[in-house]
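One chain, chain A, appears in both complexes that follow, with chain B as partner in the first and chain C in the second.
Moving on to the complex of A and B:
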């Protein structure tokens, strides 16, 4: 059990700065997810916490101990890798035992922990198999088991589910969350999948270009994105962003909605756009779009349209859409569903 | 092949059979010769069927016949060859494994220089550097020793590269997982790298054992005492014997016995050998 603190952490490769000063406090027992597009530095950040990458500047503390120069094995962390990284020549049992054996854990204790872990993860019947005799999902469990069996201060997950198929990924997601709650171990999880991030995280950290864009609970980030980057990254399909001067064509905003001076960006989520006001009050925002694509995704339809000036606009209707491609549709949103950003992409109050 | 074409099956089998005959006939002929008396061997045409002297030839050759001709017993020659071949194979594997381990998994100053130095030795086989190497071995007093017979043949760029190529295919995540599992460099080598390289090592062992067994020039140069001769040199000296007529029946027996150990190694290690050259299991 431990809290993890990053203090203005930096990482440079030669002249290229990959991590540009990141500060983050992770509470004991918290599940924090680092999410961002590929190449944003989230994996580098995780590997710096693990000790697999050196640190150019700043401090990393695990359980109030400064670990900048501590070997990965002595940081009391366990890591689950994307490709599982199981030792191919060892049985599942040996895979689980290896880290403990190397720490001179007594054999009886190793045996006890393996029994316990394999029961929790339901891998007891595979203990004497080699990794290549297991399916992807089973390997994933063993990789988790190798982390759990160590009873470390923190778990680090590096996109552990990205090699599984969609169905299995959904199951494992729930299971990881359940396990982490039961064990209460501090966890840092890296993913590029915002769905995974939203469902797993106690707190989400959106990383972009080596910097933290925003930290908050999934709901906070969804409801109050601090920047246009977070706004478009969180939520699927992503938020519509319209560039606003007051004379923009194709949409209108009622005068009583507060907005930044001069140029601004207006964001509205596809699910907040309606064909008719749900509460009968007139829309604060209204846009007329030319429908050029319809996606039926079961319970709802996604309509892709374009405004008069060509800006794309996506919105959602439940069930099957009555509109067809080529139709002109007017949709609107109430004032509290609108997100205002100033010209450099920061949220306006 | 999924298709079943009798003609092509026949042709391919025919080609294989011819191939086997071409390779096997000289060996068969040697064996046949080893069952005839020396008088029968030198009187043409020699029969292609086994003669009557099998038991006597082998019995006499092993029981002192060879010793009378070249001054060293057949067993001693076989023993010397085995020691030399094993030492070269094991020594080469150990050195190459360690140097590839250093080159792939460690950062150290002048790493590329060392890498290229190993590479350059490919251009300097024993035959090219034979005079300086001989001088060094003489100065070290290693003439007529097993060390002198094997040490100069041990460094191997080829095996180093084979291991290097294999190590480069080991995923970085595996190395990192081992680091987190508190496996230092030595543990990593012993517990992970070595078992994963087992098939490669087996394949190399076969190749290098035979390389060591068939060495000719270097053992010829570095042994003066007949007691330190390898079987290849012993065989050559039996044929050399100028004063009397060559005891061809003993020569043939020795030749047959000289073939057996490499064959045993190949047969025993065949499965691993193929695996090591073909398989990439990770």
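Moving on to the complex of A and C:
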């Protein structure tokens, strides 16, 4: 059990700065998800915590111990890799025991922990198999088991579910969350999948181009994105962003809605756009779109439209859409569903 | 798998012909000649030869010279294969750690493979020849009594080193490729699991290299058995006192120098059987313990 602190951490490869000063406090027992597009530095950040990448500047503390120059083995962390990284020449049991043996854990204790872990993860019947005799989901469990059996201060997950099919991914997501709650071990989880991030995280860290864009609970990030990047990254489908000038064509904003001076960006989520006001009050925001695509995704339909000036606008309707491709549709949103951003992409008040 | 059918009936045979001709002329024909010759005995003038059944084989197997040669071959092959593989593995793991100029090192290390066996032998002979070799001079000046022309063990050491040296490059190439094929995340997982240095190498890296090691073991044994004739011929000529006379060298010496064609052919047949058995054994038993991911 430990808290993890990043203090203005930097990483450069030659002249290229991959991590540009990241500070983050992770509380003991917290589940923090680092999320961002590929190449944003989230994996590098995780590998720096693990000790697999050197640190160019700043400090990393695990449980108030500065670990900048500490070997990965001595940081008291366990990592679950994207490709599981199970030792192919060892049985599941040997895989689980390897880290403990290297630390001179007494055999009886190893045996006890393996029994306990394999019971929790329901892998007891595979203990004498080799990894190649297991399915993807089973390998995933063994990889988790190898982390859990060590009883480390922190778990680090590097996109552990990205090699599984969608159904299994959903199951494992719930299971990881359940396990982490039961064990209460501090966890840092890296993913590019914002759905995974939203459902797993106690706190979400959105990383972009080597910097932290925003830290907060999934709900905070969803409801109050600090930047247009976070606004479009969190939520699926993405938030609509419209460039606001007073003469914008195709949409209108009632005069009493506060907005930034000069140029601004207006964001509205697809789920906040309605064909008719749900509470009967007139819309604060209204837009007329020319429908050019309809996706039926089960319980709801996504309508892709374009405003008169060509700006794309996506919105949801429940059930099947009554509109057809080529129709003109007017949709609107109430004032509290609108997100205002300055011209530089920062949230306005 | 879908079977491919050529519309033309002649073309496929035509395309296969060169390979078949090569195999027949350079393998099946000599092999069958060896089998045929091994049951014949030629008169001293090479005018007539008569069928003698297995007499040649009986003569060989009861000949202490032959059994000595067998022993020499086993020592030579094992030592050559192990030495060249061990050094190659050491170099390959070291080359993995080099960051700057990695490709230059690799290229340089591969060069010896381009050297013909006889020339490789000559190189080592020049360096260690007791009369003119630089290293022989250094050894003697430091009080080491170096004389491979008289001392059989020293001669053996020299041919083993020369033969192994030539094979290091080849082994090195395969070990480098084998090391690169090990997923980096496995090494990282081992690092987090607290395995460092030698322990990580022997518990993770070496077992994962097993397919490469096994393949090289087969190749190197066959190399030491057959392809080292040139080195032995150039460096020691089988001497001193047959101390470095391997089976292949004895086949040549008995057949083409001493002109005992029947005996020599019988030896070739035995050699063929040994190599077939060796390869079959290696694939049958060693492969079982090898992990293929």
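As a working rule, the second predicted complex is superposed on the first by the 349 of 349 C-alpha atoms of A that agree within 3 Å, B and C clash if a C-alpha of one lies under 4 Å from a C-alpha of the other, contacts with A are read in each partner's own complex, and residues count from 1 in each chain.
The working rule: a residue touches a chain if its C-beta (ideal position, glycine included) is under 8 Å from a C-beta of that chain, and two chains touch if they have at least 3 such contacts.
Keep in mind the model is a prediction, meaning the values are calculated, not measured.
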- Mind checking the superposed model to see whether chain B and chain C fit together on chain A or clash? clash
- Of the two partner chains, chain B (first) and chain C (second), which one does A:79 touch, if any: first, second, both, or neither? both
- Message: If we overlay the two complexes on their shared chain A, which of chain B and chain C does A:88 touch? Say first, second, both or neither.
- Response: both
- Message: Quick check on the superposed pair: does A:112 touch chain B, chain C, both, or neither? Answer first, second, both or neither.
- Response: neither
- Task: Answer with first, second, both or neither: which of chain B and chain C does A:103 touch in the superposed model?
- Result: both
- Message: Considering only the contact definition stated at the top, list the common interface residues of chain A for chain B and chain C.
- Response: 50, 52, 71-73, 77-79, 81-83, 85, 87-89, 98-99, 102-103, 132, 146
- Item | Sites on chain A touched by chain C in the complex | 50-52, 71-73, 77-79, 81-83, 85, 87-89, 98-99, 102-103, 132, 146, 150
- Message: If we count contacts the way the header does, which residues on chain B are in touch with chain A in the complex?
- Response: 171, 173-174, 176-183, 187, 191-192, 195-196, 281-282
- Query: chain B touches which residues of chain A in the complex?
  - Reply: 50, 52, 71-74, 77-79, 81-89, 98-99, 102-103, 132, 146
- In the complex, go through chain C and note every residue touching chain A. 183, 185-186, 188-196, 199, 203-204, 207-208, 210, 291, 293
